[in-house]
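Next come the structures, one after another.
The same chain A turns up in both complexes below, where it pairs with chain B and then with chain C.
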Partner chain A sequence: MADLVHRGGYAGLGRRVGSGDGVLAVERAGLAAATVIARRGKAGETAARLGSRFGFAVVDGPKRAVSAVATVLGTGPGTWFVFGEEDPGFVAGLRAALAGVAAVVDQSDGQAVLHLSGARLPELLEKGVRIDLDPARFTPADVAVTAIAHIGVTLWKIDAVPTFAVALPRSYAASFRHWLETSAGPAGLTVMSD
Partner chain B sequence: MRIPCPYCGPRDSSEFAYHGDAAPRRPADGDAAAMATYVYLRDNPAGPMEELWYHAYGCRSWLVVCRDTRDHTITGAKPVATHGATA
Partner chain C sequence: MSVNRLATGGLVDRQTPIGFSFDGRPLTGLAGDTLASALVANGIGLVGRSFKYHRPRGIVSAGPEEPNALVEKGRGAYREPNTRATTIELYPGLDVASQNRWPSLRFDVQAIGQLASPLLGAGFYYKTFMWPAALWERLYEPAIRHAAGLGRLSGAPDPDTYEKAYAFCDLLVIGAGPAGLAAALTAGRTGARVILLEQDFALGGRLLSDTVEIDGMPGPVWVREAEAELATFDNVRILTRTAAFGLYDGEIGAVERLTDHLAVTPAGMPRQRLWTLVAVQTVLAAGAIERPIVFGGNDRPGIMLAAAMRTYLQRFAALPGRRVAVFTATDDGWRTAEAFASAGVPVAAVIDARRDIAASVRALAGDVPVFLGARVLDAIGGQSLSAIEVIGDHGRRRIAVDGLAVSGGFNPDIAMTTHLGHKPRWSDASLAFVPDAMPANLAVAGAAAGRFTLAEALADGARLGAAAAGAAGKPVVAAPAWRASDETFAVGPLFHVEGGRGKAFVDLQNDVTDKDVAQSVREGFVSVEHLKRYTTLGMATDQGRTSSVNGLAILARLTGRTIPETGSTRARPPHGPVAIGAFAGLHTGTHFKPTRLTASHGWAKEQGAVFVETGQWLRAQWFPRAGERDWLESVTREVDAVRSGVGICDVSTLGKIALSGPDVGAFLDRVYCNTFSTLPVGKARYGLMLREDGFVMDDGTTARLGEDDYVLSTTTVNAGKVMQHLAFCHQVLWPDLDVQMVSVTEQWAQFAVAGPRSRALLQQLFGPAADLSDAAFPYLACGTFPLGATMARLFRISFSGERAYEIAVPAGYGDALIRALMVAGRDLGVTPYGTEALAVMRIEKGHVAGAELNGQTVARDLGLGRMMSRKKDYVGRLMAEREALNDPSRPTLVGLQPTVPGVRLRAGAHFLSLGAPATAASDEGYMTATAFSPALGHWIGLGLLARGPERIGEQIRAYDPIRGGDVVVEVVNPVFIDPEGTRVHG
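Now for the complex of A and B:
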């Protein structure tokens, strides 16, 4: 039987638009991803177990906690998105660590993640994001679940440069790239995928 | 119109789905008249009103939002869980 090869949501879509130097979009392929949804009344215990598993503090709020091995993003009351490096044991280990307190669903093949940076990135994000991304209000500790061009996205900031990350259902990747190219065209865009 | 989601912060109303009056409570089974009232009859106040809104493009919470129906002034939003509108 032929082996199935993982193919990122943006695979094969690499190209330049305009000058190519205003915004850089790089696909972050090969991530393990899982949603964690606490059972009724177990949000606090789920946050505590997530924190002890990865060695950082996890709160029940729209906040990001990160280490070398995992990123935990608050996406709703008692729910989190957890990303790690590609590893078949990542989600299974998470499920075992949260047994009895939360439902863990593997989303590794369901999400497409882009890292966005560049001198004219703020100008691009203004065209699609309806929340305040001023550096004083939206920091690398924050997470936003919102919509860009009617596509539901999870948005967070990796560093203060700024570099943003956008995760969305991978079947929307082509539609999102259409928004990206249309909106970033005047500034110049380079899309890179693995 | 901006809705102050208790989890996400202030968000545009386009991220939300509107459900309507937060006041009606489902009556016990078997009371047809009360059920008809629950299903069909709604007040239409001119002024502050508690309504159910679902934050579909955000944290996916049901909220009870207090909105003035005359000018859309929003004076508060809280999770349904603390309001007790639905089980």
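Now for the complex of A and C:
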């Protein structure tokens, strides 16, 4: 039987442009991820169970809750995107914990995730994100489901430095890198992936 | 130093000379110059030829309203025509050429057209080239196109790049003159988020050109201090070289020029950036544009707006004439006389149409000759102005001049206030249109509001800046109160001087004269909108900034109406020219839309695959091998390999939607026309989805992998549409159903493994982990099996008609899986195949695809009528019962084959009965898809033919006039290969 090697969405797309130090984009490959959709009328209960599983408060709205083991992102009414560390049992465990209250669909390979940082990051984001990312308005507690360069993305903020995370359907990774290169190239860009 | 450069003063850097060229002639300007000011400083008055009459023209203004001085900038692919000399920032090596002249600017052959000018009035083209109609395309249109127009496009693709950006603020200020700076300072000091736009490269507006004081400081000094203070605020962003061009719902569009002023573009730097700005409050402080006066010969080079002359003198230290007269109906015109006196070149005369002038204004002229209640009747000269003829109490008098400063009043720059449909109002006090009803969250300050004095501008800015800060929760503690020097702005009504001998131009850019307006009225075009379209008054790059009001005033007088009764045209965005590339941003060429790549893309590229766009996806179309002469040879080999052995094709691009919840069965019954609630775990079923109107929307299989685990597949192209449709059905039609769904297209890499040896290949891959015997895994089975570190989904479904499977793994394993499949199948002769082979095999099997699922077919047309359940309701059921959709004469799916072997069939050919004339009335359908069938050794086709199934065996014509095709074909069963369907089990 074949043993298959896993590749992240940005595999082979690492690159350094210009000085390389204006914006740093690092792929987070191998994260476990799932879409959680509450059964009819069970949004509150799903939020509560998600919260008790991970030990933080989860609300039904565009908010982020995070712990060492999981990140829960509100992406729609009664809908969350949940990321876990590289744990093959993460999605199955989540499914068991939410049995009867929510559908849990494995998306660990569907999304390509980059962490973005660097002194010139705000300038880069301004060239693609059509929402107000002012630190007072978009905080690490917020989540946005939006689009960058005609690619649907989920965007959240990891810290106030700021470091942002952007998740998008993995088939778009090369096109997204084109946006990164053309928009951050003059400032200097490094994309790091497998 | 250039011939007309003043020795002192101005905001130019005499230590930094800049070499540039005009029509190939090397010239020198200074840092801080525009092209126009550098030309003025070099004594160049003749800059271009006019649009229609090729008359010599000079510089009229000092800003974006310039109607005349349009030049071609750059060379080769970088050539940009119709660029306003007044907005081009001088840089070393700038290379510009005059336009609309041949062979040279001084000697232009087409200027002879002036002799024919009595024939070239408004509507000339409409009336003259009517007959014979046959000559229109061959003669008239080419001739007109040759003669008309201004600059020439390069004809090459735009070599520059552009980008977009988005920004948000509490206060957006458009224009950084006194009102704009006051607003930005007032709000900026409170911590409110402010964005300040200035189309010029320097802040200050008229403060850079006029002799005024604020708090005892000269204008430019105050501007410098204001700019320095603004720079200390993190919450204030200043965008210079940035012109707002449109007000849209909740957004303002602006274009920032990043490299147009640079001799060398830094690597990777886009030329322009298109901003979308979202502001809680916007203050329009765009100032006002001076209005010329219409009189004979008013287009002679040397005649310039009075305030523009002051700008050249005082901002650029460039002398726009050595013997200049001032012709004014405003107090402001007198300040130009004062400016010339200060520069040591007193004016020859001041001619004011008014008689009642304040003493303080009269004093500005000093002791030069003054003519009150007088007018300039004619300007005399050829390629430059030589004299003016003044008429007044003294009778007629000719005054020798080389320049004339004209001031007819000021038009507030209010176009942005009308972009959302609001109308301005005429002010008899200002003799101008001023804003009236306003869009939400927009306010107007200073001269743009018709409040022309410096004190009013500063007060407006402070008031509106404070209001915006307050609305942002940052109240102003101590409102600033700037002290401005006194000035008056009285204006008298003078738009047009009649009786001159020379042509009197209303619109310099479009060569529209007072006679054209009169002709328009004579011919019944008395509405302002008709006047504009009949004469072209107010069109093109300047959008009528200097011409509209004068045209209206003349129209009003000729029709016996007041200006408010006559009305005004409403402005539409863009307010100024915007390069089309700026709207596209990064999204040009192959990046016009994003591209989606499958997990096996890299592997397919290594194999030398040829790719095809399918929606946003790139798919392998075929895999050419060395020695193959064309695509057909490669595709035929791939089809043969599948039919005789085993082939692999990436089918990851098909849409995949995961469904879960107690009501999935009921939900699927309602969205598919066939039944799904009976689908057992471990099985897949083909389904057909209709639109509400009864036509077929999409098809695909749905598999039930677990009790509560369904996956529905869609065609590649319709994946988004089906997801949207299902979400609509659930959220709007049946929210009571407990169903959860999400796209998992991206989660799974999926490959079809097809051919008689497909089971052997997969068994090799899975080893003992999976029992793929027909008993354990029959046709239409589905299941999940361990594969290395992951779990693979397996579906026994077939599009080719052969025994076939689809195997799916999490996409991160997709690259590894295609390589593993190739290894597992090496001894079986495994062959990768692309979408072309896939298409050949589906045509051979008579399976419908995009060409037949075209939005115009119902299930019955496709031979799928029996799938439509009679036991349940579903989307499209009722509408599909409409009589016309069940008419037996509707085109219905059939197969076609040539009666003479070797003849090629082409999709798109129309069907005609033998002997019927080749007319639309005889049309009986068309060929939807064709392929060369390797198994049959000839071309085959699928088509939609009227009463098709009844006509099997009949011969018809496949008529293809576009490609010269006309062949006799036989109507056959659409299933060409294995009609019994045994091979799928083989």
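Everything below uses one rule, namely that the second predicted complex is superposed on the first by the 194 of 194 C-alpha atoms of A that agree within 3 Å, B and C clash if a C-alpha of one lies under 4 Å from a C-alpha of the other, contacts with A are read in each partner's own complex, and residues count from 1 in each chain.
In this text, a residue touches a chain if its C-beta (ideal position, glycine included) is under 8 Å from a C-beta of that chain, and two chains touch if they have at least 3 such contacts.
Owing to the predicted nature of the structure, the values given are computational and were not obtained by experimental measurement.
Q: Examine A:62 and indicate which partner it touches, taking first as chain B and second as chain C; both and neither are also allowed.
A: first
Q: So, A:130: does it touch chain B (first), chain C (second), both, or neither?
A: both
Q: Regarding the shared-chain residue A:102, is it in contact with chain B (first), chain C (second), both, or neither?
A: second
Q: Is A:4 touching the first partner chain B, the second partner chain C, both, or neither of them?
A: Second partner only, chain C.
Q: Contact-wise, after the overlay, does A:170 reach chain B, chain C, both or neither (first, second, both, neither)?
A: The second partner, chain C, only.
Q: Which touches a greater number of chain A residues, chain B or chain C?
A: The partner that reaches more residues of chain A in the superposed model: C.
Q: Between chain B and chain C, whom does A:15 touch in the aligned arrangement: first, second, both, or neither?
A: It touches nothing on chain B or chain C.
Q: Quick check for you: in the superposed arrangement, does A:144 touch first (chain B), second (chain C), both or neither?
A: First partner only, chain B.
Q: Overlap of the chain B and chain C footprints on chain A, residue-wise?
A: Common interface on chain A, chain B vs chain C: 130, 132.
Q: In the complex of these two chains, what residues of chain C are touching chain A?
A: 161, 163-168, 193, 266-269, 276, 278, 586-587, 591, 593-599, 602, 617, 658, 660-662, 708, 735-738, 740-742, 744-748, 765-767, 769, 786-790, 809-813, 815-817, 820, 823-824
Q: State the interface residues of chain A toward chain C in the complex, per the touch definition above.
A: Residues in contact with chain C: 1-9, 11-12, 17-18, 29-30, 35, 37-40, 88, 102-103, 105-111, 126-127, 129-130, 132, 134, 149-151, 169-176, 178-179, 182-183, 185-186.
Q: Along chain B, where are the residues that touch chain A in the complex?
A: Chain B residues touching chain A: 7-12, 14-15, 57-61, 79.
Q: Per the contact definition, I'd like the list of chain A residues that touch chain B in the complex.
A: 61-62, 75-77, 79, 130-132, 144-147, 152
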